[in-house]
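The following pair of complexes shares a single chain, chain A, combined with chain B in the former and chain C in the latter.
Right after this comes the complex of A and B.
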């Protein structure tokens, strides 16, 4: 029951934050250059009727109403999925964001899996074998990993894996003119995805390994670990059941922030690898002055980051029973 | 060496502190900050980080004074030059027996007194290395952007190097009847003057449009050219621009016409020498090429022009240069023997003494190569470092100030104020950082100047990255405010602001410093990422991020590696160092974490 109340409280709060951010977004929307009324009024219009038509159009678009009313109309449209009309693609925005969204999610999920698959075991191992050679090497490598900007790693990866050893293609989602289906299509996409996923994972592996290691060391020092060991439990059980679960709490926070940053950061990676995702679409939208698309992308990132917050709350209640009690 | 000393000193201090009889007395006088300092300087990794970062920082702050760069400067003739030196390194055989030398864009060509040809420097195209066979003895050579022209003893004109744009099509008149006396290889253009005083041109005719005024063709005794225009010296000692347009070059000063005996051109001006040894220079004067030194007036025998400088021989056999000095091309050395011949071109100079020895000064090469617009990567790297660090530092200062104020007030006041401020913090931290920064930069940066743009980037970064610091400060203040000294301060009637900022803040300053350091690395990274995708600091201003912007395609990554390797390395080393410093500081502040 308490879990439910805690989550409900958080949810109400998240909705409040969304409301505030949506006002910010609306301000951005209003600040965008270009007069939407003028853009609708194209063709030859006589100067004497222009003002009349301009006013009519303004009324039709609802721009003559006070700002709060405009905001209400805008936010209802947004929530209904009506993101406006893309001037670049000449189609409603919601029709063009499907494929890029799938591509971005695909890219991020794969690098997430890679990061967890590597950093959690590595973090635990280095924590258990603290101060060993492996630990020291990993310490140095991870600090390098999370310090180097992703685009530098991208350039390096392109140089090594695409130019010196031509293993992977460096741009696009599919080979041009590729017609295969099923497994062939999957292999083709996987090849294209290899480098972006690798590049996106490096920073995450670096920082999450360090966090897992730090919180594992903290957890392994606790008294209950000594108790567990003295009870004669196998070391594996002590590490993976007793220590790791408690070590997860700080890791959850960091992971959520990293995840949100991952989606945001994929803007850069997508631009470098010409990956047809949301980030690339946002950049090209900004360059083409196609602001409806940009705003839709921005909305996606905001919702993602809020969803991340909710997820973090849920994860907290799952791994740490104390959270429900405190609230 | 110095570093080692420091760390042993640190060890000694520590030994004194931790073990031994004196420790207790010593420990009593150490303030917390001193403790942090001593434990920090014995952290080897952090000290290496401090060293690397300070080195890069010092380089970026001091070296631009010695290696100036005009941010708006670009020169396509110098584009994509490999790193390395040796452009002016005359081959040994030639350097003691030089006949005539000529400077091309990034390479030089020369002949010795037997007519053998030599080439050296950085060749823009491999075609330059393929010397034509059976040239015979050469009497004159001229190097251009990427091709070479030569005359041999049989009065034939020979060309090699770039053979496109019609550069291989030597006019028929030069092969039959008329003897070439002077050749000039320019920017995709070749010129030759014959013994009948006629000037012929071939190559890319779109670069320079040559129109002969009446009565000039057939009376030309000498000429020079740049990327805009060809100017001729006629047998009536007049300087005649070979164009019909009115340009700055056409405003020949009084006293030149009828008296000019030699002339030369830079890329922005013309200089003519009169019979009495006076130099007159006119045209544009952006790079100070028209500021002829007064002391040489009346003594000049011969003149040669480079891209933005002139070099002359005086009647006593010494040489003087003036004009732009970015690459030291206006710093003529004092040569012991009289000089008989000079040659200037692009950014370098050669002088041949009476003993046929060669002296050279000017651009010898680029330490880290050049980019696609011919800008020196090394110099831009220095300027870019300064910019990247400034933007990062100011962004951190902004975010730290906001974070400390919000966190301090919120932690101290508690209650409603705390609630509102923490909600605000959470809202800002829920904003997707990079996309939000991009969109703000795109919308605000639409109609502002470059300086305003740089300020805008700092402010955006500062205003988006304070929540982390605010939370930490709030946490620390919450812990501190229950302590006795706060109660004491309250009892003494100290005002709230005074308590927060004079009494509590000094106790949490270490946390702030650690986080500001780590934030500095993050801000530098974010700025670089923004500039990299073109939404941060934009050209012509350099930052490490936007220097990599042009290296975003496979061709550049493969062929022009120096354009991305060097900025990447410094950026990586800087951020790694800062993170090491931050980690070391954190360990020093929180002794518990040292056990990890």
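Right after this comes the complex of A and C.
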């Protein structure tokens, strides 16, 4: 009952925040210098024809209306699932956003799996073997991993794994002229995905390993761990059942943000590896003043972030029974 | 190895940079001793005796072999700009790659085209006769008869109906309902305005005479026009595909489309995301036809159109498959070396050129170079104080060592020009000596800058006393008000041209008594300011420009308010002399080269003196391609999309 009330409250809060942010975002983008219709009508068109075209276009896109009217139309359409019209691509936003989103999610899912598959065991191991040589080496490597800018890692990875030792393609999503389907297509895409996934994962592995390590060290100091050990429980049970579960709270926080981040493209990675994702699309949309695309993406992230917070709260209660949602 | 690693890392510094572009010259600062401006003499123009050739370097083992007689092999072309799934025309998508694909690769049989030398001609492979009549009402009619045997890629005949349909379709209000298509290609047609507005269903300027013949009538107020032959340039569209069941009916009033011709129909035949002609055109008549487009990788595959009769020289494509793949400037040379692409084109920066030349030295690839048909520039806003003064503009030019700028910016792969011309133009090639003798090269000379400023009245210091060296910024008494010589400069973020100007200009300008104030913004904001649509006005901008093959300076330097900004008179210059010298060009008949050349020189001299723009650099473009590619011959006006028809590859 309390949980239901809490969730209802959060839902109302989400709706309220969503609308406030939508107004702010819309106002900010409208205030930006640059005219999307002008960007659409590039090329040498004679002035009188240009003006006619400009006025027609502005009217068709509803940009001739006052900003509050434009907002109402935009938000109403958005709530109905109509994200508007891309002035850059001259197509409905929903038609241009699908493929980049699929590419971005694909890249991020594999990256997330890799990050968690490496960082959690590594974090636990280094916490258990604190101050060992392994721990010290991992400490240094992880600091380096998340300190180096991703574009440097990307270029180094390309140089080593695509140029010097040509294991993977330099860029792209698919081999030029590739015609295979099914498993062959998957393998081809996987080969192209390998380097971007690796580069994206380096920073994540560095930071999450350190999160898990710190959290585990804290948990391993607790009295209940001493109690568990004194009860003669196996060390594995002590570590993975007693300590790790209690160390999960910060991990849940990070995991939630990673899940939200699944839909956020990385401009740098996508640009260097010519991976056609949402990050590239966002930058292109901003440069072209394609506000429908940019706003649709921004609002999508707003919803994800707000929903992510609720999910995080629920996840806390699952990993730690002491946490109650009404609190 | 270290050098290559370094080059990869250095390239990273350009990662998020927007590189402006452009330029031309006559004082070469290029690193490439072999490369000189390409020959682009207009065929009917007097032959340029000192015409320079494009430079091609091939390793010895690539010289052998003969052009095959049937199409073979594939060519993977690396393009910096993504290929979008948008294959109708540049109106829907004008990005550089799509532009070239739609104009030269996919669609064809355009009646009037430009040759490799930049000359406007009727395509003899398409047109058997073109008759021109100047009508009493001032209009001009071109009657075009098609050759026999022209076929679409689905083996159906290309007829005059398809040409008439194209003009009607692309001028119609119905078409404007398809994703906001801006129906501006045929605005010069007689009756366009009424037809486009929906006032009439008949387009007066188009007549369908028979299956092989149609006519085009041009509005009186569009004439006379130096490039008037270009008005007869029409690209066909398959009526059977785009408007199934419709027909063209001709009457004395003009041509009209009969049948179910509505926006709803077009939204299906053109706008359907899966089958529409815009996204998946299956009936085309260019040298290649679309095989597939992979949206996730933005790659397009094109195969030879067996029905294509050849380009204007009768040359048919001999590369069976073309694949367009996106590459990044930072890694494109590595892609070439790895064999994931076969060709890179128009590389203009040293970061790309030098590793490419290393591969040429190793014999792994070949190169071809040519100068750009345009330049990077400083554009003044001549409507704003103090750059409304010709002397101030000249003084800024005297503060910059442009040769050094071009050398530093491009790593030695660029040149400098002194007027509004490209090095590929026959006018330039015919006027090299004249240019040397008559145009001011604005060599860096601070004393000269001071001199022109003093002559313009910038002789006071901030207290109103006589200006002396060391007094800082100069002042001028303007209608009783003491005004400082401050130049507001707007540039774009992450732009290496801006960064280099920032190191070379401010100090020199300060020495001359000018203060340079800098604002850095993004490109759309800069455009807004340049068109006087923002809140702030600036005195100068740095950006780049390229010339059209119908370069029309009479619009760009018109004093008429309607031509100000909007991509035309972007310098906002209202100078009667400059306008007159440009307008004098407009009415010269296309074939009167002597008159044109004389007027062109007058225009260049006036421009050079008025200086609405300071040209900064003209890139020396490099194409790099693997040794399997042969007969690769590009220029700034005969780009990769045209060259693929002449080139061939070993299997």
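One rule holds in what follows: the second predicted complex is superposed on the first by the 261 of 327 C-alpha atoms of A that agree within 3 Å, B and C clash if a C-alpha of one lies under 4 Å from a C-alpha of the other, contacts with A are read in each partner's own complex, and residues count from 1 in each chain.
Here, a residue touches a chain if its C-beta (ideal position, glycine included) is under 8 Å from a C-beta of that chain, and two chains touch if they have at least 3 such contacts.
All values derive from a computational prediction rather than experimental measurement.
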item	value
Chain B versus chain C as contact partner of A:166, first or second or both or neither	second
Which of chain B and chain C A:103 touches, first, second, both or neither	second
Chain B versus chain C as contact partner of A:46, first or second or both or neither	second
First (chain B), second (chain C), both or neither touched by A:60	second
Contacts of A:20 with chain B and chain C, given as first, second, both or neither	first
Contacts of A:8 with chain B and chain C, given as first, second, both or neither	neither
Chain B versus chain C as contact partner of A:91, first or second or both or neither	second
Partner chain in contact with A:174 - chain B first, chain C second, else both or neither	second
First, second, both or neither for A:263, with chain B first and chain C second	first
Intersection of the chain A residues that touch chain B with those that touch chain C	32-33, 151-152, 155, 158-159, 162-163, 170, 268, 271-272, 286
Interface residues, chain B side, partner chain A - complex	423, 426-427, 430-436, 438-440, 442-443, 446, 521, 525, 528-529, 532-533, 535, 545, 548, 551-552, 554, 557-558, 561, 564, 568, 571-572, 575-576, 578-580, 583, 593, 595-596
Parts of chain A lying in touch with chain C, wherever the complex brings them together	32-35, 38-50, 53, 56-57, 60-61, 89-91, 95, 99, 102-103, 151-152, 155, 158-159, 162-164, 166, 169-177, 268, 271-272, 274, 276, 286-289
Residue ranges of chain C in contact with chain A within the complex	1, 4-5, 8-9, 11-12, 15-16, 74, 76, 82, 84, 86, 90, 92-94, 176, 179-180, 182, 184, 187, 273, 294-299, 301, 321, 323, 325-328, 330-331, 334-335, 337-338, 340-341, 521-525, 527-529, 531, 533-534, 548, 555, 562-563, 566-568
Residue ranges of chain A in contact with chain B within the complex	13, 16-17, 20-21, 24, 28, 31-33, 130, 143-144, 146-152, 155-156, 158-159, 162-163, 170, 213-214, 217-218, 260-261, 263-265, 267-268, 271-272, 279, 282-283, 286, 294, 297-298, 301-302, 304-306, 309
